[in-house]
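The following pair of complexes shares a single chain, chain A, combined with chain B in the former and chain C in the latter.
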Partner chain A sequence: MTTTTVLDELRSMLVRVLDQYGLDDLEITRGTSFHDDLGLESIDLVTLGSLLVEHYGEHVNLAAYLAELDLDSVIALTVGDLADFVIARVG
Partner chain B sequence: MAVLDVNGLRTHYQRMAARDPVGEPPIAVFVHGLGYDSLASFYLTLAAPVSEAGIDVLTYDLRAHGRTERPATGYTLKDFVGDLGALLDGLGVDRPVHLVGNSFGGTIAFSFAAAHPHRVRSIVSIEAEPATVPWADKMGRTLVNVVDEMGKEENLRWLAETFGNHHAKLARAAHGIIRSTSIVEEVPTGPLLSPEELMEIRCPVLSIVGSEGFQQDDLTAVQDALPNCRTVVIEGQNHSVLVERHRTVRELVLDWVAQHDGERRAA
Partner chain C sequence: MTGVVLREYGATGRLGVVNPTPERLQRAEKVARKGRAWRGRDDIWFSPEPLHGKIVFLFPGLEAEFKPRVEDLVDHPLDLGTDTVGRHAAAVLATNRIVDEALRRIGIRPDAVAGHSVGEWSAMVSGGLFDTAELQELLWRTDLDALRVPGVEFAVLGCPLDEVDLHWPNVVVSHENSANQTVVCGPADEIAELAEHYRRKAVICQVLPFRSGFHTPVLEPYLEQFHIPKLPLHPAHTPVWSATTASPFPTTEPAIRDLCRRHLLEPVRFATLLRALHDVGFRAFVQVGSGTLTSLVSDTLRDRDHLAVAGNSPHRSGIEQLRRVATALWVEGHNPDFSALDPAPEPRGALAEFQAVLREAEAAVAAVLDAQQKIEVSTAAMPHLLDHCFAHQRPGWPDESDLRPVMPATTMIAHLVDAAGRAAHGRVVTDLRDVRFHRWLVAAPGHRVALSTKDGRAKLGDYADAAFTTAQRHQPAPRPWGIPHDEHEPVLPAHRLYDERWLFHGPGYRGLTRTVAIGERSIRGRITVPGAPGALLDNVGQLLGHWLVERHPARWIAFPKSIDHIRWYADEPPIGSTVDCAIRITELTEDTVRADAQVIRDGEVVIAVTGWTDHRFDGGAEGGAVHRFPETSTLSRPAADGWWQVVDRWSLASREFYLHKYCGAAERAEHGQCPPTHRRDWLAARIAVKDAVRGALWRDGAPPLFPAEIRVRQHGDRFTAHGLHGLVLPPVEVTVLRSAAGAVAWSACAKLVQQQGKDIA
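== the complex of A and B ==
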């Protein structure tokens, strides 16, 4: 699975998560941060976690990944970080 | 998103099944705090590692919080206790649970245990205390202070400049709940528990407090009021024990459940 494919899939999930905020023309790159750039709340990460499981299966467990990070790292998390995690889990 | 109708409210919950369970696994139910909080505090910290340790995990957004519906009224502890019972019923959880409550979530846990002693195996209370007269006084003052201070734009600006936009956004969200509901008026009304009722909460309780947290004036007050409670003090820590010290809390919870579910199996 290529990084481009995963980034595209993450983009469509983020559009679903952010739909409630009326954002539909998202430009998302590896460097886009969930918190500062997209304004995701922690509860949005829970929704994203459910979408990841739905799409990739139980082994892409965002909660398990984030539980190993410090709060500062969770706040600084980027789309690239998440893409690398997905690729490592899915192969 | 997993949603269940609980007492007429669309309630968001998350479950994580125990990995490699031996027989019927223990179940831990995580209950979050008031205002800023949602099930995300537990989902992002304890939920995955606890389920990986062989414990079923359930957590949910309290009414008006996270992705659960926000009624205009209905915020007494009786409502919150009723929601927890209805959620367990709706999901078919009929074995006794380990309740892990953060802040007001712990207060709900104590009231739930007082009302339904047979449904609670143990309580882990994180920076929390039962609903007593002193609690109601403190809670009432805190909530009024929040209403006065958090609605002011200059305070939100100060929060954003001092702690970052994240805190200012959380404060705005909490203030939204306060403005649109009767939560401030109703929460301090309890129903409150008498000293005699507290002595009837016989399940084992672990009280985790920060030395600089909400109970810094009397770190063992909860232990002193209950018949079967021990206290762990996290030194140098303010009220944000769960989020800032989640690895420590995780170890404490895993040891606690192993110890107390072992007893149940032996019995």
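== the complex of A and C ==
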């Protein structure tokens, strides 16, 4: 699985997560930060987490991944970080 | 100014944009056209059907992250430290009150108030149940940090309340935050186990960085220390809703005091409260303070029409965030007072105030109109651009895009000056500085380009921009330069520059009537101002071109890249008038030539230019010949045995230049689809094939042939050539040899292998 594929898949999930805020022409790159750039709060990560499981299966466990991070790292999390995590889990 | 743009869409729709940059307005227009509500992203708010409805103020409680921005909302210093739970709570309450008061100052008033956790005390103050001064006094009297609380922990779970299974004896639910978020509370060891358990189930679980046991029964033994439920009560002026009962506070004193107690011991049912508020007509949920309540609102009311907006944000100043709240509410049909957002310079009467509001509205509208101005760039709207085509083609050539009509840099300057003049309201544009030309503005196919001004810079799409200065009148003119000592007669008279296509300009831009004298580092000429916009300065550039043609004939093709400074000392001389022009070359390198210039009329300097910088194109003698006479020239050279060889040592800009000389629209589209790494090879092969074919035909007595008249097709290793737009060619097959990838000088050799059915290889 390539980074590009994963980024594309994450992009379409984020569009779904954020649609309620009226976001539908979203530019997402590896450097896009969930908190600062997308304005995601922890509650949005919940939705994203269930989309990840739905798409990749139970072993892509966002909750376990977040548990390893301290609060500052969660806030600084980028789309690229998440893509790397997904690739590592999916292999 | 407010920077709020208000525009009515249809009968009911409203669109609001804060800080309307041209890009943002463009996006806003798109949003409005789509007709779907858009609430706040990129500072755009759009509501096709304003929600109207009631407004509720929601006050945040303690959250993991607390980044208030209220310095500009108060005129005294604040202590908003959060290093202990007590100080954190005091800071949250202070911030909530400051934002509450600021919102009311701009005419935003709630129909009800409520709070999350200790934010409910703020709601009680805001609604009138508590007196601000009395609560403040109590907070001052109480050493909040001395309060003893149970050492229990909170964990936030990313799942709905009904999916929370509590297998631990001492863990209880403390907050039902939103549709998908629940907070539980319990002893540290049990919370740790619980966190592990939920993470295994892929439920997001965060342990909060403070301990208190609020909103759970374990607080009961400590309750006596809390004096808040004992504060004097007053009649509410605004309904206060309780998150404990998800309904309005009761009205009798004992019932209110009882609810205050329960608030500390029972779960916060925030999601239920939000649904109950929505049920009775609340549509605007304003977070009054610093926090993340808006995301709880959006999560809970996901499928219902609502506006969630934060009254304070870590991303911008207090005032700036209020501006966004006001815009958001206006868009939903409310009526905030925008004028109160900007500090009044002096006390004003009602009339002055009204006029100020009107002026602001006018300025906002003018800003939009300016920012939204677009010009049509096409040969129909700007026929003069047909006099500025980069690629010659056979007369009557049907595809305009193959002619490559390009807006001259100096015509872009004319548009930038126009835009600056409109923004200047009657003042004259005296200077352009830092004029930059970013890319070719091609007019075929036609398109619309935004022309705008902002912060003293004029901008023509992303093609060109410049800083401008305006003034009441022009500056006094300097003296014209003296005449250089090394001048001599030019070899080429001005008319031959056009006749022999050293300059490719058509009548609208042809203004050089006489080149007077040329020197080692200078040239002087006479210009009769032609009719196309920007043509006068274009002729300054053409005169510089003449200097290059005569002094540096091996590398004479050049186009403007930037200009440091242009100053006008008078209005531009009118079309048809005759002016003198003097140019001094200040720098010459392989890639660029820089010059200063004066345009002089009747002995007076009218325009002075410094740092005019041209990019010089490479391509040698063949390049120059193909530029002037593509129909009889080739970039390739004939070699032994009928081979034609082209060597590409060009820069990217030159290569693009030759692409348009050699390839028609269909071939350029094919080139565009090539991966960038293959384009150099692709173009070299096309050039060699076209030159080999033309060479063979000329040898047999054929007339001049433009490269674009020949369409090359590749079939695996074979290349065939066909005539386009009326040219009939015999069937031709061409073989091509290419240099290895990565070579510095890319080369391709082409040779006809078959013509009219017979092998000639």
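Definition applied: the second predicted complex is superposed on the first by the 91 of 91 C-alpha atoms of A that agree within 3 Å, B and C clash if a C-alpha of one lies under 4 Å from a C-alpha of the other, contacts with A are read in each partner's own complex, and residues count from 1 in each chain.
Please note the rule applied: a residue touches a chain if its C-beta (ideal position, glycine included) is under 8 Å from a C-beta of that chain, and two chains touch if they have at least 3 such contacts.
Computed from a prediction, not measured in an experiment: that's the story for all the values here.
Judged by the touch definition given at the top, the superposed model places A:75 against both chain B and chain C. Once the two structures are superposed, chain B and chain C can be ranked by residues of chain A touched, with C on top. After overlaying the two complexes on the shared chain, residue contacts for A:2 are found with neither chain B nor chain C. Of the two partner chains placed by the overlay, only chain C lies in contact with A:53; chain B stays clear of it. By the touch criterion defined above, A:63 lies against chain B and chain C together after alignment on the C-alpha atoms of chain A. In the superposition on chain A, A:43 makes contact with both chain B and chain C.
Touching of chain A by both chain B and chain C, each in its own complex, is seen for residues 36, 39, 41-43, 45-47, 49-50, 61, 63-64, 66-67, 71, 74-75.
Residue ranges of chain A in contact with chain C, taken from their complex: 20-23, 25, 36, 39, 41-47, 49-50, 53, 58, 61-64, 66-67, 71, 74-75. Residues 35-36, 39, 41-43, 45-47, 49-50, 61, 63-64, 66-67, 71, 74-75 of chain A touch chain B in their complex. Remark: chain C residues 27, 30-31, 36-41, 64-65, 156, 158-159, 177-178, 180-181, 195, 198-206, 209, 292, 295-296, 298-299, 302, 315 touch chain A in the complex.
Across the complex, chain B meets chain A through its residues 1-2, 14, 16, 38-41, 43-49, 52, 61, 66-67, 164-166, 169-170, 173, 243-244, 246, 250.
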